[in-house]
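First chain written, first letter: the chains are A, B, C and D, and each begins at residue 1.
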Amino acid sequence: MSKEMVNPRNAYGETLVELGKKHSNLVVLDADLSKSTKTIMFAKKYPERFFEMGIAEANMISAAAGLASCGKIPFVSTFAVFATGRVYDQIRMDVAYSNANVKIFATHGGISVGKDGASHQMIEDLALMRVLPNMTVFAPSDATQTKKIVQLMAETKGPMYARVGRADAPLIYKTEDLKDMKIGRGLTVKDGDDISIIACGTMVNHVLDAREKLLKDGISARIIDMHTIKPIDTDLIIKCAKETGAILTAEEHSVIGGLGSAVAEILAEKGLTCRFKRLGVNDIFCESGAPADLFEKYKLNAKHIVKTTSALLEQ
Amino acid sequence: MSKEMVNPRNAYGETLVELGKKHSNLVVLDADLSKSTKTIMFAKKYPERFFEMGIAEANMISAAAGLASCGKIPFVSTFAVFATGRVYDQIRMDVAYSNANVKIFATHGGISVGKDGASHQMIEDLALMRVLPNMTVFAPSDATQTKKIVQLMAETKGPMYARVGRADAPLIYKTEDLKDMKIGRGLTVKDGDDISIIACGTMVNHVLDAREKLLKDGISARIIDMHTIKPIDTDLIIKCAKETGAILTAEEHSVIGGLGSAVAEILAEKGLTCRFKRLGVNDIFCESGAPADLFEKYKLNAKHIVKTTSALLEQ
Amino acid sequence: MGNRADFYTNYFYIKKHSGVCFHLLINGWGGTLKPYDEEVIKKLDIIAVKIRRHVIEMLYRAKSGHPGGSLSAVDAIVALYFHHMNDNPKKPEDPDRDRFILSKGHAAPTLYAVLAECGYFDVKELKRLREINSILQGHPVSFHIPGVEASTGSLGHGLSFANGIALAGKADKKKYNVYVMLGDGETDEGQIWEAAAVASHYRLDNLTALLDRNFLQIDGNTEDVLRLESVYDRWSSFGWHVREIDGHDIDQILDALQMADDHKNQPTMIILNTVKGKGVSFMENNVDFHGVPPNEMEYKLAMSEFDMLLRKLEEAS
Amino acid sequence: MGNRADFYTNYFYIKKHSGVCFHLLINGWGGTLKPYDEEVIKKLDIIAVKIRRHVIEMLYRAKSGHPGGSLSAVDAIVALYFHHMNDNPKKPEDPDRDRFILSKGHAAPTLYAVLAECGYFDVKELKRLREINSILQGHPVSFHIPGVEASTGSLGHGLSFANGIALAGKADKKKYNVYVMLGDGETDEGQIWEAAAVASHYRLDNLTALLDRNFLQIDGNTEDVLRLESVYDRWSSFGWHVREIDGHDIDQILDALQMADDHKNQPTMIILNTVKGKGVSFMENNVDFHGVPPNEMEYKLAMSEFDMLLRKLEEAS
């Protein structure tokens, strides 16, 4: 039953190349990381539409906004930590405030970056991008969804941010599964009655694993892939709360400010009685290590999702 | 009954001067805004311990961390928008991750900045600083509390951020009122049974005004001054939820990621049934205008606090 | 002149052949003149005074804003919009237009006054600078002020934004030029040097930067706050073609702009030696007027100075 | 040598008077020598090979990390810690210590190997680079790796941090010096130029920067990615005293460091002309080894090259 492993970064690179053919105004910018972000695929195919900007991320973002003002669709890539925190003010002014058609696609989000250590493990990007007015925020869960989201980004106007991890990830979807996928509408990947586990990005795969284990304990978990963190799918969250009475959020991100916070805001304001817990990085900088070791130590793997779910349901 | 108006920025400048006398290792850095942030008072008194860093905020933050590594207590000041978003990566690496004893004191937070417009109205700083591990986050509500918090910042180790507004603000406290004030412990400014209004910074004054009006409608509102946004006073929030059954948060900040989110996270996870609403800037960039006009248009003044409270209690 | 279409046809015809904005022509600055002749310069000088007058009126009315850096920037922006640039207020989205980016966004009043006088929007709007519900935000916003290309106000972004436009122009083989004005204090920002390197790396000769070298920022003289000299050497060392001129001499400005357009393979930096607060005696070189609007007395004094100057210029022409 | 205190007393005595780290002495590099003489250089050359060997072993074991930029940085860091700097592994918090900041944090293995060999922590720790629960993080972290002054890894911060230390030194009238190593690609970052301006403005002559000028970053040659030349002119134009040397010639490095310490009123930039991947034939000038660790075959090849080199050096000495 082991799933095919595909790297979402490769899906990004490939999709850029496809979209480049379709949209002659699509351009790509990178800050000396094109081999890692996979924008190199586009650079090779369309060198005249690829702009190497050097290790100067702030300038890259503002320049992308300038390109957008000339009708280009700029995709800007670097690691998540440099694509958000390093350039927050540039995104704020030139992209969000100006409502510019700039697409920021970040790789190496979360702690599965692994051995480079906490300096490179971005666990705050969803929070940073979510607080910006006008910004759409994605965290695709596999290569198929990455492709879909990159297409949506290219073909929908407005400031957008997406992040994927560094590692290969099991394929969750086939292309046709996502035919009708829409921005801001979460996907119910598996149904269930006892709890809804709302996850995004790399964590969708882990919660799917956890679901299998939970089934053995007689717990049926609904799995929601909340690929769009902003605008969040309020209706779906309310539905989950009402129908399952318990919600666990799971993200490779701080428990503060990201998916978990977004769900908490809705639950609290709608006054829904629903057991609730946020699973994520507990407001600490993690460390170097193999991703699996980190997921064990920082309690993000299927085993810990199972534990947390059981504990929540016993409350 | 009109209260004395004092500018919290002046309180900051004066307190720096006092602390400068007490702590010979206290140093101050500014980025070409010393007249506005009031660090100029310190600069005049202790020129050899004041570092003008030019319009180069990123360098200023990292340099402050270098100073801290030599045993200095650096206070770093500029406008909130440049003190956080412009330098997020520098704060992340050199201050938060490194657990450096750097104190960032920002002025001109929120929309009461007024006429300079949305580019200068920082409504995301609390969210940005709250998502950083190791960071303590303050929003003092008046000049007296500003002074207290600046003292606490100087005399407590660790990375800290505080923001005040640009405008004069009514005095809420006398010095002795805050004798026992502690980091991370909210203050119950007024008691009440029907609802708890948890506010921070500039909004405490507005919710106090609203309380007067609410009393006339027979609504008794408890007013909490949540001067420390992180670590947040979880116990007090739970107590309020249990005792008043309704909570309104009020902040001169986006409803996303700041005080309102922090309270929502707790309410949702503790499974407390409590009517709840976040009052703040509703995820938009505002605009130029006189502060009072902006508070009216963007629904932050006492009138709107009253309306929102009544609506919440009628739910 | 009849309808609006005619208005703009004429406007452009006259602008390109006279260096004088049609809008101002119908307000009394008539006459068709050859470019670069003395009359053109004088007319532009007169327009500059008119813009300065707007600026002071706007700031006085708004009771907030930045007089010093608005006034030092006037002559170059006037030279650009009223003579040099190829833009069309009727088609602010024209893909072939020349662009101007005001990176030092706090000089917005100057940009707004120029845009209004060129016809991008009604001059009456100027009265509502910084008011609630006005289009004229305290700092420029691209998406809702006609003619404004980039949202600025956070210093240090504009050259990067201009890079993006220049890169797009090269990619699309467009003939437009991009002009961007920087504050001297603004060049403390590292992002400026990232952008300087990128512009030179990509040989963006369709890009011209103008440095408002007024030697003041907020906390004092640029050389005391954070030494910039030699500005000339800094920009050359980053691969730029650099020229230094009197930033209040329209003749020199027009000349430098043309030279910049003609220069190939490198972006050009025009260092404008300027006086902060230029045109209002008591604001000149006075750091206190960086961000403080005139009070009533100061306002009146400034107006009388402008009146005198205008009279002098008009007599001479 | 007896107890630990003696160990360090001797260590420092010998270090200052021989340019050779005591820790290495007891491992077989004995002899007390006069500074700057040929023997010192040779000993340091030998240490450099030993550090390179550590680096490759660490990266091979960790199966991740950055060989290219770690290897190009070795000689300068060896010269600093094993001869030039006034530091004390026993007192890593000594307020009077000289400081070294590795701004290009991805060269961490070199820094770690040097710190370990100097006695800041057990050499055995090197085996656990990048493992979970190890002190040796992928990039340097100040608060929990002994001897590491600043947390780096996000490029462009280190010179600013060093500015802070240099400012503190001036304020406190301390005699220490601060050394900071930058990558050449790293100087694309605008923050570097903010820091360059501040260091020169405050005349931080207690600050010396070393530029690892290996002409490569990740996406290719620095001049193709984002042209840097003339590096010399850039730093001079920002008010720095600049010297350019062979970054693998210990003699030149020691000389330049001394000259930098002696130079007054300006910070000094030492441009180290280096070879990325230096010391491992197939890694030299090979951009593919920026961030890819050696596989088994490559590891063995590198080790045999180091063995040969060591033999040659030891025979000569």
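What we mean here is this: contacts are C-beta pairs under 8 Å (C-beta built on N, C-alpha and C of every residue); 3 or more make two chains touch, one makes a residue touch a chain.
Every value quoted in this text rests on a predicted model; they were computed, and no experiment measured them.
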Shared chain contacts [subunit A and subunit D, defined touch]: B, C
Greatest separation from subunit C - chain, by CA centre: D
Where subunit B and subunit C are represented by their mean Cα positions, the distance between them in whole Å: 38
Counting in whole Å, what is the centre-to-centre distance of subunit B and subunit D, each centre being its mean C-alpha position? 42
Report the inter-centroid distance (CA atoms only) between subunit C and subunit D in whole Å. 48
Cα centroid separation, subunit A vs subunit B, in Å, comes to 30
Shared interface positions of subunit D, touching two or more other chains: 141, 151-154, 156, 188-191, 194, 197-198, 201, 226
Residues in subunit B with touches to at least two other chains are numbered 53-54, 56, 58-59, 81-82, 86, 89, 92-93, 97, 118-119
Indicate which of the five shapes (line, ring, star, complete, other) describes how the chains touch one another. complete
List the residues on subunit B that touch subunit D in their complex, please. 27, 48-49, 51, 53-54, 56, 58-72, 74, 89-90, 92-94, 97-100
Touch list for subunit D against partner subunit B, complex: 95, 141-143, 149-154, 156-158, 160-169, 171-172, 190-191, 194-195, 197-198, 201-202
Note: in the complex, subunit B contacts subunit A through residues 81-82, 84-86, 88-89, 92-93, 96-97, 118-119, 124, 127-128, 130-134, 254-257, 260-261, 263-265, 267-269, 271, 273-278, 283-285, 315
So in the complex, the part of subunit C that touches subunit B is made up of which residues? 62, 64-65, 105, 130-134, 136-139, 141, 151-156, 185-186, 188-190, 217-219, 225-226
Where on subunit A is subunit D touching in the complex? 30, 32-36, 52-56, 58-59, 81-82, 86, 114-120, 287-290, 293-294, 297
